[in-house]
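Same chain, two partners: chain A is paired with chain B first, then with chain C.
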Partner chain A sequence: MTRDHEAFVTYRAGRFNFRLFTSISRLKETVSQIYAPLDPDNIVDFEIAVQPQRWYRPQVTFKFQQTEPFLPLPANQAYPLLEWGMNWCVTQHCHQYLIIHAAVLEKNNKVIILPGSPGSGKSTLSAALCLLDGWNLLSDEMALVDTTSGLVFPSPRPISLKNASIDIVSQFPCAKQITPSVKDTTKGTVAHLVAPCHRSFSIDQGYPAVAVVFPTYTPTSTCNRLNPITVGNSFMRLIENSFNYHILRQVGFDALGQLANACGHYTYPNNGNFSESFALLNELIR
Partner chain B sequence: MTKEICQFLQDPHCTSGWSPKRWSNLIQQGYANRSLAQIAELISQYQLMGSIPPDLHWHINAARTYHESHKHGVVQEIHALYRALGFAQITPILLKGAAYLAAGLNVGKGRVFSDIDAAVKREQLTPAEQSLHWHGWSNMNKDDYDQHYYRVWMHELPPFVNGASGGVLDLHHTIVPPISGRAPALRDFSTQQVEFKGLTLTTFTPAAMLLHSAVHLMFEEDFSKGFRDISDIHLLASEFTELDGFWSELIEQAQTTGFEREVGLALRYSQHFFATKIPTKYSTSFNKHLPSRLILWVYDILFTELLKPVDCLTTKSRIASYTALIRGHLKKMPLHVLLYHTWHKITVSRTKKEKE
Partner chain C sequence: MSTLTTIDGELLIFNSQLNKTSLISAELNEVLNNLQEASEELDTETFNLAISELTKQGLVISTT
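So, the complex of A and B:
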């Protein structure tokens, strides 16, 4: 065995077990604060390494086994790099699910899916729903749609907050667990928020989706309103937001069809008035 | 302790009584060595799913799903290639990964590869290339030097990319660079026809296939997929040994083409990692062509390092990798050409950097 053999931590993040090899002690500390540690002899899904390189302008690299999917980043970005790396592991390998880039929230055993490109305000909205309105976070980044049942499976991990939304969310009364902000990443300043879990919900259970809502943050808009769109329109947009539709092919088409047929579909231009958002989204899960 | 992946590929039955941790290790090593889909195929072939901890099942199923999609793409590329070359009445010979798949070999089950490799006779290169261009392929390296490098010195044309699918095709006319002075004619390799997805395809015969795989490995300069390449040799040999006359045909083909040493070395390292079974009569015959003791001692150190299975923490010895880089290039081209090539690559990369 090579160097740093003992320098690892095994933990559960969402539905998956990771073994992280790292010599960065601060990173190990952050990880053990955020994720549940596992016995080192536990089975693992992904063995990953985040290691420093270069002594001048130090950098960190992310590796899953022998694959390095990203360019190295400045050393202070180790934790965001780890989070992005873990997302990559899931989206590239977990083909038991159709994976859609979306936040997923649950209340009353019903799920709404918020697909959205960066800047759509889905993370801020998710944080608000979890912290202020009693929703459970199933996932901040990806909807895991079971290909046989069409149900959405939870894989809760910290919400990735960017730029102005860090200040907004940190003022919420129960926003206790936010990692320190990391500046100048490719996504600007980022911080990660651990969302509270309200009722005991089972990570082994799939939940039926009732609505697909495409949020767009439009500060100038005067009213918050859900605009219904057709299933077909939404279906095509979901494919665009999916990571592995092209790999699943027929199976992906069927799973997505099953999910989409059971849902209402809306676009949601909103101005960040949370209390109006809560009222509208609670209507969907009544 | 021997890595799980070597034990498993040697004999999948050895897993009876494995702890969950050992299965977990096998799967991680499968990812690291890009052979998880191959492992998944063997697991289903040997009906071992029941012994695997249920929490790990998804890895096996997902690897098969991914491979199904890969295979679907390859089948389409093969169809497109046959359509395009059929237009010029040329029948290509499929090589390596595509051939293993088309011939329905064990080694092809679950094997994921990036390019389609095919060969045509040297005199067919020009019409084949024209026909590919007409059917939507284009050359990837436009640079004058690269064009010269491939067309004058190498055994293949600059890689083609299929404009419709993005698939990459390497079109060969022999198996090693002519500039090495060791390139046999394509007709020295015996071929066979196989039925695959409604097409009649041409591949090398078993002996020629193993010969090609061995030569490819021993002329290699980049061993990032070293373990996959040596496990290819093991899986091919283990399947072909059942065929009548396979080993004597292999010896004959190796003699005709002058690659006895390469085959001998490849089989030696396959035995090192997987205890590949080779009838004594034939292994003695290959051993006669191995290098002298001293060189063999160096080779053993070099190749056991380069071909070993990797994991998350493995960094292969740099000395071994550089030695392999130089050795591989020297096998492909004489020293004066290599020096010119190196000088060109260094100056070009410098001017490119300056431009940036």
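So, the complex of A and C:
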């Protein structure tokens, strides 16, 4: 592919290296503010493009090689489209990991996994844990489980905040780096938060997970409580939250079994009382 | 076909031919263990028939 005449930026996003071709200068600026530039001698994992098209009601497209996995979106959604596109690249190609739709947080070298469907409050809770209680964000969108060891590998990227959670998290004192809100996306209003790093950790090191917690935001709940569930119940829920369990087949079954049998498993209906959440989740890593 | 007994005593079964995973309750797993001691390993066809029958009886918690 010869595209030397086009502007591009290369950067490391979590565990993966991207080269982004784009003529949208604002997008390049945002990427440069959020992600670390890549040394020239590093290998690029994914070469992608986010480009504008048409002048009337301008749109942007995401492209990986010759594939356009998404319909064009309004031009102001360029950054969310890039984030969703990068997620797509990883979930569609990185089958050396069992990939679970989940946030992953670490404290004291112990990891908890928070799988959650949209609206479960997973990202808001993750942001609160990182900004207010000293947890490290290993990932917001996907738990990368090594299929050999069952360890979870970090791939930290910004937390995707949606709708009401943007205002909630913006009020946290340490929420310094949040991208401007983008309205009317397929997920509502979205913004991305760069979580602080409380201690340096190697993204090449895998961590043992000690707990799997399925949060559900339940505003009417009168008390926040972790409800233990069986390993089998959690296993089946994790399959539902996995991007590639059915692709990995036997390997996925073995990897998930290794992970699941080493963890405690809980559902966590909560009303958004963060101080109670901190107390409960810190108990899991003692 | 692979199996995994969880620390809670449930049985997870992966059927590689169908690429399906089933969760068997701890109570039923105990029954199966007793059966297994008395017989050879089930072949896939028999397994599928068994799962189908057990599902009808509400004994398989879920299959995906």
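Note that the second predicted complex is superposed on the first by the 276 of 286 C-alpha atoms of A that agree within 3 Å, B and C clash if a C-alpha of one lies under 4 Å from a C-alpha of the other, contacts with A are read in each partner's own complex, and residues count from 1 in each chain.
The working rule: contacts are C-beta pairs under 8 Å (C-beta built on N, C-alpha and C of every residue); 3 or more make two chains touch, one makes a residue touch a chain.
Just so you know, these numbers come straight off a predicted model, no measurement behind them.
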Task: State whether A:D254 touches chain B only (first), chain C only (second), both chains, or neither.
output: second
Task: With the two complexes superposed on chain A, say which partner A:H95 touches: chain B (first), chain C (second), both, or neither.
output: first
Message: Tell me which touches more residues of chain A here: chain C or chain B.
response: B
Query: After lining up the shared chain so the two structures overlap, which partner does A:I239 touch, if you call chain B first and chain C second: first, second, both or neither?
result: second
Message: Tell me the contact category for A:T230 with respect to chain B and chain C: first, second, both or neither.
response: second
- prompt: In the superposed arrangement, what residues of chain A touch both chain B and chain C?
  reply: 246, 249
Query: Tell me, which parts of chain C touch chain A in their complex?
result: 2, 4, 6-8, 10-12, 14, 16, 19, 21, 23-24, 26, 61-62, 64
- line: The residues of chain A that touch chain B in their complex are 1-5, 19, 21, 41, 43-45, 47-49, 63-66, 93-96, 246-249, 251
Task: Flag every residue of chain A that touches chain C in the complex, lowest number first.
output: 230-233, 235-236, 239-240, 246, 249-250, 253-254, 257, 260-261
- line: Listed in rising order, chain B residues that touch chain A in their complex are 20-21, 23-24, 28, 31-33, 53, 55-56, 58-59, 61-62, 65-66, 69, 72, 224, 310-315
